[in-house]
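Labels run A, B, C and D following the written order; every chain starts at residue 1.
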Amino acid sequence: MDKIKVGIVNVTGYAGIELARLLLKHPDVDLVSGTGRSAAGQKLADVFPHLTGVAELTVESELGNVDFAFVAMPHRESALEVMKLMERGIKVVDISADFRLSNPDDYNEWYGFTHPSPELLDKAVYGLPELYRKDIASANLVANPGCYPTSAILAMAPVVKNGIVEEDIIIDSKSGVSGAGRTLALGSHYSEANENTSAYALKGHRHLPEIVQELTYIGGEAVNVTFVPHLVPMTRGILSTCYASLTSEYISHDNVQEEITAIYREFYKDEPFVKVVDASPHTKNVWGSNMCHVYPFADVRTGRLIVVSCIDNLVKGAAGQAIQNMNIMSGFAEVSGLEAPPIYP
Amino acid sequence: MDKIKVGIVNVTGYAGIELARLLLKHPDVDLVSGTGRSAAGQKLADVFPHLTGVAELTVESELGNVDFAFVAMPHRESALEVMKLMERGIKVVDISADFRLSNPDDYNEWYGFTHPSPELLDKAVYGLPELYRKDIASANLVANPGCYPTSAILAMAPVVKNGIVEEDIIIDSKSGVSGAGRTLALGSHYSEANENTSAYALKGHRHLPEIVQELTYIGGEAVNVTFVPHLVPMTRGILSTCYASLTSEYISHDNVQEEITAIYREFYKDEPFVKVVDASPHTKNVWGSNMCHVYPFADVRTGRLIVVSCIDNLVKGAAGQAIQNMNIMSGFAEVSGLEAPPIYP
Amino acid sequence: MDKIKVGIVNVTGYAGIELARLLLKHPDVDLVSGTGRSAAGQKLADVFPHLTGVAELTVESELGNVDFAFVAMPHRESALEVMKLMERGIKVVDISADFRLSNPDDYNEWYGFTHPSPELLDKAVYGLPELYRKDIASANLVANPGCYPTSAILAMAPVVKNGIVEEDIIIDSKSGVSGAGRTLALGSHYSEANENTSAYALKGHRHLPEIVQELTYIGGEAVNVTFVPHLVPMTRGILSTCYASLTSEYISHDNVQEEITAIYREFYKDEPFVKVVDASPHTKNVWGSNMCHVYPFADVRTGRLIVVSCIDNLVKGAAGQAIQNMNIMSGFAEVSGLEAPPIYP
Amino acid sequence: MDKIKVGIVNVTGYAGIELARLLLKHPDVDLVSGTGRSAAGQKLADVFPHLTGVAELTVESELGNVDFAFVAMPHRESALEVMKLMERGIKVVDISADFRLSNPDDYNEWYGFTHPSPELLDKAVYGLPELYRKDIASANLVANPGCYPTSAILAMAPVVKNGIVEEDIIIDSKSGVSGAGRTLALGSHYSEANENTSAYALKGHRHLPEIVQELTYIGGEAVNVTFVPHLVPMTRGILSTCYASLTSEYISHDNVQEEITAIYREFYKDEPFVKVVDASPHTKNVWGSNMCHVYPFADVRTGRLIVVSCIDNLVKGAAGQAIQNMNIMSGFAEVSGLEAPPIYP
């Protein structure tokens, strides 16, 4: 199969530059163009010296001639870029939130803008391959999931689908600081974030409606989700600890733990990037890779299910999953360009 | 008031050496003795160079002549030390878990040993001054609370006491690595713990029965607690995020948030070391101090109460609280020796 | 002695807020005023929540009525503030570089501005108490040394003064990120600074002329200093590793190491805040304190002297030393308000 | 070309497991065997969960049937393993120091043991491909350089070879904590190493004779090297800052900086893994890769050359360079299996 030409709109954010790192060594594509406002005209490797000797690209102000595009703009701006690309007939994976929510009103409520192309919301596919692989394969526009939703949905999908937990779900997520992006902010200032842990967005994080939408869809009925994100002092990684009550009939089973482990193993049995593990996972064990480790634990004492999942927020939570989606949309091997193991220690 | 002579059994662990740091500048006491097995005979400042020019003490193998003792041994060994000290008529704050649980059977179940002096369990007072100040004042033996329980109980006590949350409580705690102690272990090895977050002890952490015991006592009825501790890459600090459903009658109130904030402010209104704050707190904001910051948030959308609390695990979670207890037991000002503000950044 | 009223110009930077932390518990002063541009009108404890329950102050736009002032403005702006305060007859410790260099031309060369009050440069005393205690005692204006110069000068002063090293001196310093201040910058962005070490300012850091000026003055002849600062991923601390050749006559002595250690011990024998230690020091061992640990090592194999020193850049390297200067200028005990031991671990 | 079968003696240390990570995806080899004492019999992915779904290997107690072996044992033990492998006719890259020094007496002096096979020292080639590529190609035994020497020698080789610096060389190196290995030690305990920087081994680090041997060989005359290693709080990375005086005739040249940059560019012009960069490099920019970034800076004010180099201590400083050596010894493309770019941020 011939290589396709791919481009990145906003290559200079953390998601964009992580896409570049992965695409530069992807066997099926040529990264031919990357845009970035303030860095336009500079060599990519001068702005990002880790690509010295790796990337020859110069940052552009407009995307060049490509077959496939990744858009990693701030919300609303992403939608405008995607609209232009769709008109040019270019397939797109959008890294922003602009096509994740199917109800246009959610954009007014959660993001504070009126969606500029609500008709595209119907055409966009939510890009979680473990749930929507077939739809992704035939899509022209894929909305790449948020980092927190990826970890939360993969953690809870098997039991929500099987209807063995009550509708009250608590998701307590811990994220590395790169999730806050490359834009300067006091909360991401080294001396503030180092040696510090905090919860934030208790009044409602923008990833909440995304989690609710998907878990509702999977389970076929309303879920009542509490989601509290936390910032922990590391660069990469998300660990989500999810809590739900097992249904009363289910909890009386004899071998709850074995049954639940079996449900998870069955659900993910063919997945190259989701591994059901036997011990509580560490974010370090997926660092730098597209892997998601999931560990379900039935606490029979309290009747609760606890599921711990972890991902690298910039890979499975952003750039890696976007490439996984591109692979599916383009007929490449799904793991193409994503096979490097996690880096430890 | 004359200064009293105090000693530390096992000054060479993190709790012990933190006690030394604080006691060396405490205006009402003289730290005259500290024991430590492997370091016995060495100058304390040679083993712990941060005390160069501060401490003249030599580590001993047996505690010298003291009026008051802190015991910071591993569990079971602590009990044996405490028994000897009590016989000598010395008042004790025990930092270990050996006198926290009132039911001796709990030691068999959770700690794997038969308690050597169950009769002392009745005499020991649980040393959380915000709840038991009066009992502490007249006690000869105080069991210093665990670090996780301190953060969890202070977070939930006001609402459990007021009966406005259901009995199902989830406590998701994040701790710095010093909580695992100074004993070498792979999980505390720098390259393993750095850039890593993980949950542990899902099957039941030893601090769970302590949390259950106290919340049950406060509320007067059984609670169903799920407690999941996490390790995050920082040296000091615990942040506990606690979840409970508000009772259905309570959630219908008009100004739930205001009412709950008022309950917390009333509960802690005279407390020197617990502050009810207006925004989600950061562990960094109590770093190095005996402070606890508590933030209750009523999520009316889901009917849940979320309470975030944070402490320095080695101060309010160990050495600082122990000194607070000593102050109360000895008739000193409760804040004596504990007034240094948190260190930021 | 009555308490004096002190104020801080620009309390909202890292040096300013560290001054506040220390002054709020200083037994001889009342912190009555602190200014800050963007935060003016807010309660200090709202901007800096670690001071919750500690500080009642509201940030002001103009300094109130004080007996003594600390100025912690950016360079050039500091000089303008100091001029106004001197006219009001208020004693000042200036934290900026504006009065450290005695030659006004150096400001044009190294800081890019013409000094607005060169006449004050003669009156200002360089505030390194270990060298200029007497002059500080009678000064109205003290220029608080830079963080790097404090560590480097204290490391080299004894041997430069004794003339036993050649004039070529290399200072390789490693600093925590708080040294770069609270102003947002990509280099201080968490995900950039974490898990990263780099050298910077090879073409000449602004602290170089300060180091050269002082070592020249101490030794009485020109020194040829190479100074390379580095950024390491921690919040606080500077470790300076200094290299100089021992004079050829000196290196032939039999007990070079013992002689040099003796020189250092004699030089610092009465110093409360400089400790000559017997093993290579760790920044952690002075963390949060006004201590400086110095370790001289004679490498007889190569004929070189290696001196390692460490300080907390925000305490002995800024706020703590400023208070030490104030203590001397005001006739307080030199250690007043600065006796808290370093915090470990 | 057929794949070769490779094995790792002691796969369970940090160098060994990093070899596994890289070899598992190497296109020209099959990793068929890995030994480890305490973990023998366990699945590699159970001991190192980051390899879940990547490695099928079980840890063995004896190396299986291989064509090529990496030995990563502690010193002296490595030599014994290598001797056995050489007898079996297996080509070896030894990661330990046991074959780096050509003078057997150095092992007595620096490592405290008598070398068990001094005759092999003559046959072993020092595995720095940038200097000894040809010899490596025909070698059966390659001694993989130490991490510090790799960074120091690559920094200084061009100017030492060209004879434009004096013989006095100072190397101030800063290393991440993984350099201290996976064996538990107080200095690598998280709470001790975090938020801490220190110098160590001032009396002489074991990598010093290796640096001296190689720089002497390159320059053809004796060098007088001072080498001080430092520990900084990060997992991976070494930054070496090297200082040497430019010869007096050379410093008088007009365009010293340009000339020196040209010398470095010429020296490394065909090197895939050494890049001469235009700004002071960051360890983060080579993180996880086999790259070395080198930045020479001529400080004309002092007549000194400052060279800053950085590598990932576990890749170019250990496992990556070992694979680079294997590639050369086996006739594979030198970059085979080593092309993944550094991971940022």
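Please note the rule applied: a contact is a pair of C-beta atoms (placed from the backbone, for glycine too) under 8 Å apart; a residue touches a chain by one contact, two chains touch by 3 or more.
It should be emphasised that the depicted structure is a prediction, and the values quoted were computed from it without experimental measurement.
Counting steps between touching chains, the shortest path from chain B to chain D takes 1. With A-C and A-D as the two chain pairs, more C-beta contacts join A-D. If you average the Cα atoms of chain A and of chain D, the two centres end up 36 Å apart. The mean-CA centres of chain A and chain C are about 46 angstrom from one another, to the nearest whole unit. The set of chain B residues touching two or more other chains comprises 14, 176, 178, 182, 191-192, 194-195, 233-236, 281-282, 284, 287, 345. Chain C makes touch with chain D in their complex at residues 168, 170, 172, 174, 176, 191-192, 194-200, 202-204, 224-226, 228, 230, 232-237, 239, 241, 243, 245, 280-284, 287, 297, 299, 301-304, 306, 308, 310, 345. Within the complex formed with chain D, the residues of chain B that make contact are 14, 176-178, 182, 184-186, 188-195, 233-235.
Put simply, chain D touches chain A in their complex at residues 14, 17, 21, 24-25, 48-54, 178, 182, 194-195, 235-236, 272, 275, 277, 279, 281-282, 284-289, 291, 293, 339-345.
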